[in-house]
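Just so it is clear, A, B, C, D, E and F label the chains in written order, and each chain counts residues from 1 on its own.
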Amino acid sequence: MRQRFLPAPLLSLALFGLWLLLNHSTSVGHITLGALLGWAIPLLTRGLRPLPVRVRRPGTILRLALQVVYDTSMSNFHVVRFLLFPRYRRHPADFVLIPLDLRDPNGLAVLAMIVCITPGTAWAEISRDRSMLMLHLLEVDDAAKIAAHVKSAYERPLMEIFE
Amino acid sequence: METVLALAIGVLAGSGVWLLLRPRTFQLIIGLCLLSYAVNLFIFSMGRKGLAIAKEPVLHLGVPENLSNYADPLPQALVLTAIVIGFAMTALFLVVLLASRGMAGTDHVDGIKAQDAQEML
Amino acid sequence: MPDLWLWLGTWMPHLMLVPILLPMTTGALMLLLKEEHQRSKIMLSTLSLVLGLVVAIALLHWSSQHPTPGVYLSGNWAAPFGISLVLDRLSALMLVLTYAIALAASVFAMARWYKVGVHFYVLFQFQLMGLAGAFLTGDLFNLFVFFEIMLAASYGLLLHGSGRLRVQAGLHYVAINLVASSLLLIGTSMLYGLTGTLNMADLAQQIPLVVEADRALLHSAAAILATAFLIKAAVWPVNFWLVPGYSAATAPVGALFALMTKVGVYTLLRLWTLMFSSSAGASALFGGQWLMVGGMVTMLVGAIGMLAATRLTYLAGYAAITSSGTLLAATGFGEPALLAGLLYYLPSSTLAVAILFLLADAIDRWRTHGTSQIDLDDEEAPFLSHELLVTDHMNLDDEEQALIGRPIPAAAAFLGLAFLLCTLVVAGLPPLSGFLGKLAMLTALLPLTSAVGSPLLLPTASTWIFFALLIGSGLLALIALTRAGIRHFWAAHERAAPEIRLTEGLAIAALTALVLALTIHAPSALHYTSSTAADLHNPQGYIDAVLQARPIPNPGAAGQEEEAP
Amino acid sequence: MPLILLIILPFVGSLLAAVLPANARNTESTLAGIISLVCTVQAALLFPEIANGQVLRQEIAWLPSLGLDFVVRMDGFAWMFSMLVLGIGTLVVLYARYYMSPADPVPRFFSFLLAFMGAMMGVVLSGNVLQLAFFWELTSIFSFLLIGYWHHRQDARRGARMALTVTGTGGLCLLAGLLMLGSMVGSYDLDAILQAGASIHQHPLYTPMLVLVLLGALSKSAQFPFHFWLPHAMAAPTPVSSYLHSATMVKAGVFLMARLWPVLSGTDEWFWIVSSAGAATLLLGGYVALFQNDLKGLLAYSTLSHLGLITLLLGLNSPLAAVAAVFHIINHATFKASLFMAAGIVDHESGTRDIQRLSGLRRMMPMTSTLACVASAAMAGVPLLNGFLSKEMFFAETVFLDAAPWVRILLPLVATLAGMFSVAYSLRFTVDVFFGPAATDLPRKPHEPAHWMRVPVELLVLICLVVGIFPALAVGDILRAAATPVVGGVLPEFSLAIWHGINTPLIMSVIALLGGIALFGSLHWLRSRAVLGQRTPVLHRFSGKRAFENLLARLSWLARAWRRGLTTQQLQWQMLWLLLLTLVAGALPLLLRGMQLGQRNDLPLSPAFAALWGLGALCALGAAWQAKYHRMAALIMLGGAGLVTCITFLWFSAPDLALTQLVVEIVTTILILLGLRWLPRRDQTLAPLTAQTNYRARVRRIRDFLIAVSAGLGCAWLAFAMMSRPFPESTSTFFLEKALPEGGGTNVVNVMLVDFRGFDTFGEIVVLGIVALTIYALLRRFRPARETMDLPEQQRFLAGDLQTDLLNPRNAQDTAIGYLMVPAVLVRLLLPFATMVAVYIFLRGHNEPGGGFVAGLVFSVALLLQYIVSGTQWVEAHLPLFPRRWIGVGLLLAVATGLGSIAVGYPFLTSHSFHWTLPVLGEVHLASATFFDLGVFALVVGATLLILTALAHQSVRAHRYHSRLLEESVLPKD
Amino acid sequence: MSATDFPLWLQWLIAIFALLGAAVALLGSWGLLRLKTYYERVHAPAIIATMGCWLIMWASTAFYLASDTGPTFATLLIAVFVAVTVPISTIFLMRAALFRDRRAHRAVPPSISSTSLARTPPPPPAKLS
Amino acid sequence: MTAALSAPLTWALPAAILLLALAMVLTLLRMLHGPTAQDRVLALDCMYLNGMLLVLVLAMHYASEVYFETALLIALFSCVGTTAMAKFLLRGEVIE
């Protein structure tokens, strides 16, 4: 029943928030309209979103978010420094292979987002069976360390959240 | 500012015209796109009181509704229509171009084989 | 019947919307029908066209009864702020012509042509909407929009049925017209920039007021705008797209296209008489001589093209060019009497060219027994080999051919008569309207001097050239058309009777009847066109009607519902 | 009976005849006979009034604005001609009844014949010169149709065409001339013109007018040098020849000259043109007639000769000569018509018209022979026959002419020589055909024709005799009545006696007779020695027909050559012309009136903006430069230019434009990319440029570059000139003021789109819909080039390690796999958000930048992203969209909104706002424009999706094709 | 409330944020231009999408909050959207670059998917949880 | 100088705009230079990002609240063009 009438509550909530943000208004009319749209749009586009999303452990989410913010900021500084002072480059750029245990597409998508918004790291390729991830890094000192960091800092929380 | 915009229109139009005179259909369609940018900017520049900065024609309470406070909305409406029609025509031309390419086997505008045409330049 | 017109007249001015909205609604409705429902689509389309024709005639009737044009303020905004539709005699005339040709072409298409692609009738309806809109609108930019509707639909119709020739011709046609549209936009926007208005009537008022320093720009804008319209009116040297394009189109589409060049002429006529009328101050009659020269060169090129053409559709295409050149040149003179003749000549030549397109289809099918494609090699000149081969001696009975006539099958006779009629109209020979139209223009060129011995105003050189071209182009057309006619109807006697479907015959017959009606009712038609010409020559009536039209006043807050006009 | 009936009745008969069944020979001829007889009798009954010198006149206002009133006017001359037309017409109808075969489709014949009669009557009775020209051309047309009656014969077709071309051309010249004449006189009315008299000789336009009128008259009467069409017109059935080409139509030319004689004649131009043409024809026709072997050919040339005689008479500028001309018109019509009919009888009964084969017919058909002999004697000018009288008058005129001495000597000589020819060919007609041994090898055995077929001949011959013997009694009054109007009122003294005593003309007659007999004898002798061939000595080299056909052929070739030169089918040239024309049109007024720039202060230059446009310009130039080989690069740079344009719109306060430009830009990019798949890769196999083509290429490029530069400069200059000018007051303030109170929105641009200028938007969405439908229709029949039909290069025959995770979504149930997995998740998440944004943009449109159009595109782009990532099939399986219905619904919604205002009494598209106060939600504000915008939204979504998915579906087709190839294992292995 | 009426500290804050963001964007673009290989260049825009974007976003949020109109927190949405869309384009671009380099036999790592899987023609429909 | 210090926004924002415009020019250079197609696409992507930031700063500079939607749409859709182009490079067709 819930599946049929409210296919994606999280999405609906997000859309509702989006609506209020866009209109920067909390009037009754907007709340009603936002709720209505937040309910209707997922329903109408349901056909194109076949993957159910289940999210658990809000605490982990928060932790992960903080971790991401921290990592992103650090790598930003690294990249800026790298660009400003190219002479002080310490390591060459290279591809890094990371074996994966995470299989959930949503989790992988979040991982991709994290990797991609982190400067100096780019998602290069994922194997077809999702068992292996290839990243490209601007500076690679120790591939194993990087792999371990990705697995511990990102993959594990993600597995907790999505699986 | 006006000079820059005028020059910009000129460059866009010139590039478009150059491409219009080329023999390949793809050059033609890019040329038409560039030309339509030029034309859109040209129409846009015809507004009352010329170009206006930070005078969007979105009314604010208490600001007198005249042309010294708001940009001329009419050319904007015209450009909007022109953009849409230009888009439609680009799409149509593209498909005609593809069909011509499919039927004639070449992407020359006259549908002749490249080897026959000395003018594939 | 008069009751019907009266009754319809009570619906003015809303009636003016019908020629635009009716085809559009019909087209939209047809889109909602499934593709299998061809029959109902045809029914719907025909019904709508018949209704449209009735309304167009009612509008014609209305406008012939009313000295001032009808004005419709769309959105209830007074001119020059909103977009106004204006129905004067000229637009009413064009509307009737449009709907008549469209109805015939659509009936003709019922027999076979609609099947060669999808959405034929939908596009047809939209084309009609564009045409009607272009004739009715009183706003320059809105004119552009309706031109685009018309062109977009014409692209679709031209490409209807696909095939290499159509696509190739379509590519050129689209490319040229896209550039023309850009020019149209540039010209329109410059005019707006200089006068601050887009309403044609208001433009007419503003143009004399343009400051002297801006007049060069104004003229430049007008010239660019005119170039865009001249491209559509197929003036030389920007008319090369026309013949391949029109002849590649399917027959009913070709017939409808016969009208399209006239839209260019109409627009030029409308804008030029409004903007650069003799009361336009320093800009009075701007560019008239260019129109004249361009028109005359076009006439010549069209006539030469007719003479050189071997395919009937090419013949028809060049005939369209000639007629459009004639009209342009006549426009350029700016004489009311000439204008009256021109306006009478316009529908008849358009109808003739439309019939020619339809006939060409029937004849080509006859010639090839409806099987193979037409031999499209235009580079050879078959007529030189067997009909025009120079022979030396003359003896009347060498061939010993039977001196017994061959009966002509009814269908062939029908086609032949229709062809003869087209020949007469295009060449301007009596007794049909083509002759009367040309005569009207000729007499206008050489007006009667009041009395013998009165000081004479000798006509100018351009008058003479136009005079000679009017007659000479008719002659060349006569040579070309008789050659084609003899080749198709007389020389080829072994063939079986042509197969014409009832609807095809009906379409041709209807248009033919229209030409005949135009001839028979020449006095009233000419009366109508000369009052049209007088109106065009004196645009103040038009301007006043548009600018003095008042929107319906706001009744104020009425109960729960507040209505903003 | 009103005179006009004389014109109308034949036309009515023609229409009736046309609808009768094909085999109704008797009915047809009866109908035609009755009509012509009735007309004849009616006309004849008018004689008393005419003889009194009355001019009968009826006016029917027809086209007064053109000066084309329908004036039927009958004076003596017209009466005489009407009698000829109608009387001989009656006889010809009778004759034709028997002449035409039962198998002939006679309705056509009689219909055209009657119509011709009507047209001819129209010419004769016209009281208005334009009306005359009108009927004049009609006679040409019906003559054309009648000559081409046996259209299966090539000679008939050619003869018809030649006749029409020559006389039609002449008719057009005549029209021009008559227009000029009318303009000179101030009226097209014949009476007015005739009254103007000789006064117009002084008019500067007299000579051109005269030449034009004479071109018409001379070509119609087959006068030299236009004579050649007439013999070829003999391909017509004999009744037609005898009617049109001897008695009536060819007489129209001389009729006209006689008609306008009072006005036009009397000048040297007239004398020289008319009489020399006449004299030349007179001699030429006679001479050529001598050598004809075809009966009708002989008669045709003799007709020429006699017409030449009449013309010569009219050209002599003497009233008496004019009278003689009128008299000869009558006489010639009678004897020549009878001769043609006799020849037709011979042809009909014996099966041939070849004089060399015919002989001794006197025995088989004595009556016909006698009649033919009498008629040809009249033609030869034997005394006691009518031909003699008019010939005598002619001879007399040539002798008593008042002209230059050499003319006075030459003219009688010419006349006598022509008389000799006339006698000789008349003898040839009679002696060779009817006398001598009976022919044996004729196709048919000749015998006398049916009695009624001979009756017309008998009647005509009778007239010849009567006129010849009792001239004054028989035709005196008629001639007097007929000639008076021709000479302009005062008839000169003339006597219609057989015997005037022995005078010069008589001597000339005798010489002509004797000389003619001698000439005939010698020719006969030569012919029997086979010295003479089939061709006319000397003159066969100058074939008018050949010249004519050469001329037409040359004209056609010339036209083709000109067309090649004057037109082009190459798009590049067309573009070149177009741009040049535009440049000239745009620049010329500026150059003529001087270019001035305005004084308006510049906005302060922002370096960032300059940098931005440096970038934009580079992008544009780069796109222009790369579009030939690096399409992708060009497309990318186009995107750059688009982005800069978008930012420019924003910079100059046009957020709506920026939004639209941005989204359109994105859709266009996808669109062109979709198309790129079907374009060929860069063609490496181009033939290398030779030195010559290289040079030409460089010239072309330089030329194009110059045009491009001037176009660019022109645009820039115009834009700058416009921007720097002070602007006049405009309508815009109105929009700003009214947008909120009456339009109900604060975003003036949007209010303008949906309200002030809603009609534009209305049209614009229709354009979009049309284009989408067109694209859909065109792609249904899309046939990609063969090499592109295969899979794209990226998907073909690759090593496995390249493919690995690259999957075609077509082959997967859920397309979120392989490299697409992560993007698919994100893109699918994006859809609801983008939809929400679309709704937001849609709803705020009236007050803030946005609106239905942008919202529609946003929604479409979000959907397209799904297509890109998940493939066509998956998307359409999971979310069926019916784009055409969206289009239809969108249009209907827009129309319905517009019409809604009509329902409440306001014009189309008047916007209304509704305000409700609801319990919890407070005030709800709804404008009818929103519904309109909703229509726009639906249409945009439908159209965009239709366009792009129709293109995308081609890929599916290609894959299907590819897998079919795989199945059939015909895929080339390489 | 117009921008010049803002408290000075706020103005400085906004100015610094905006300038820094713009500088980062310039630096990233500079990197895009300067770096040697494509794979290095890919990283340069990332700082624009993160640092540049966030800095300018905070600047404008502060600006709108202070001027009391406009989108205020809605500007956050931009950063969110960028975060969602950047991976999409990056993943596609990287994959395309790898593909093209491998085809051109340039020195890039081989595919990490098993090649045997790739050779089997249409793969079995992958059913996801 | 005091004016500049007392109203830093008056010069800082134009400076930021200039920097962003220059950044766009740099991306253009990469776009022109190539050398590979993916470089150009990447440059276009980057140009869009810079353009978006430019719009945001421009909005502050002119104190406009209506530029935001444009930036929002760029953020939302800049990936579309890039994705389509990348997909074209990768698969030879945009929509399979």
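Some observations on this one:
Just so we're on the same page, a contact is a pair of C-beta atoms (placed from the backbone, for glycine too) under 8 Å apart; a residue touches a chain by one contact, two chains touch by 3 or more.
Computed from a predicted structure; not experimentally measured.
Here the chain-to-chain distance from subunit E to subunit F, counted in touching steps, is 1. Traced through touching neighbours, the fewest hops from subunit C to subunit E number 2. Contact with subunit B and subunit E alike is made by D, F.
Centrality annotation: C (chain centre taken as mean Cα position, compared with the mean over all protein Cα atoms).
Of the two interfaces, A-E and D-F, the higher number of touching C-beta pairs belongs to D-F.
Between the CA-based centres of subunit A and subunit B the separation comes to 40 Å, rounded to the whole angstrom. Inter-chain centre distance (subunit A to subunit D, centres taken as mean C-alpha positions): 74 Å. For the pair subunit A and subunit F, the distance between C-alpha centroids works out to 23 Å.
The geometric centre of subunit B is 21 Å away from that of subunit F, both derived from CA atoms.
Among the residues of subunit A, those touching two or more other chains are numbered 18, 22, 50-51, 105, 109, 112-113, 123, 125-128. Across the assembly, subunit F contributes 17, 20, 22, 24, 37, 41, 43, 63-64, 66, 72, 76-77, 83, 87, 89-90 as residues in contact with two or more other chains. Multi-chain contact residues of subunit D, defined as those touching 2 or more other chains: 569, 571, 575, 579, 606, 609, 635, 651, 655, 676, 715, 718, 722, 727, 730-732, 735, 756-757, 760, 764, 767, 770-771, 774, 778, 782-783, 794, 804-806, 814, 816-819, 822-823, 826, 829-830, 833, 837, 848-849, 951. Each chain pair that touches appears in this list: A-D, A-E, B-C, B-D, B-F, C-D, D-E, D-F, E-F.
On the side of subunit E, the complex with subunit F involves touching residues 2-4, 6, 8, 11-12, 14-16, 18-19, 21-23, 25-26, 28-30, 32-33, 38, 41-42, 44-45, 48-49, 52-53, 56-57, 59-60, 63-64, 67, 69-71, 74-75, 77-79, 81-82, 85-86, 88-89, 92-93, 95-97, 99-100. Note for the complex: subunit E touches subunit A at residues 24, 27-28, 30-31, 34, 37, 39-40, 42-44, 46-47, 49-51, 71-74, 76-77, 83-84, 86-87, 90-91, 94-95, 98, 108-109, 111-114, 117-118, 128-129. Of all the residues in subunit A, the ones that touch subunit D in their complex are 11, 14-15, 18-19, 22-23, 27-29, 32, 37-38, 41-42, 44-45, 47-51, 105-106, 108-109, 112-113, 123, 125-128, 130.
Residues 1-31, 33-34, 37-38, 40-42, 44-60, 65-67, 70-74, 76-77, 79-81, 83-92, 94-99, 101-103, 105-107, 109-110, 114-115, 118-121 of subunit B are the ones that touch subunit D when the two sit in their complex. Residues of subunit F touching subunit E in their complex: 6-10, 12-13, 15-17, 19-20, 22-24, 26-27, 29-30, 33, 36-39, 41-43, 45-46, 49-50, 52-53, 56-57, 59-60, 63-65, 68, 71-72, 75-79, 82-83, 86-87, 89-90.
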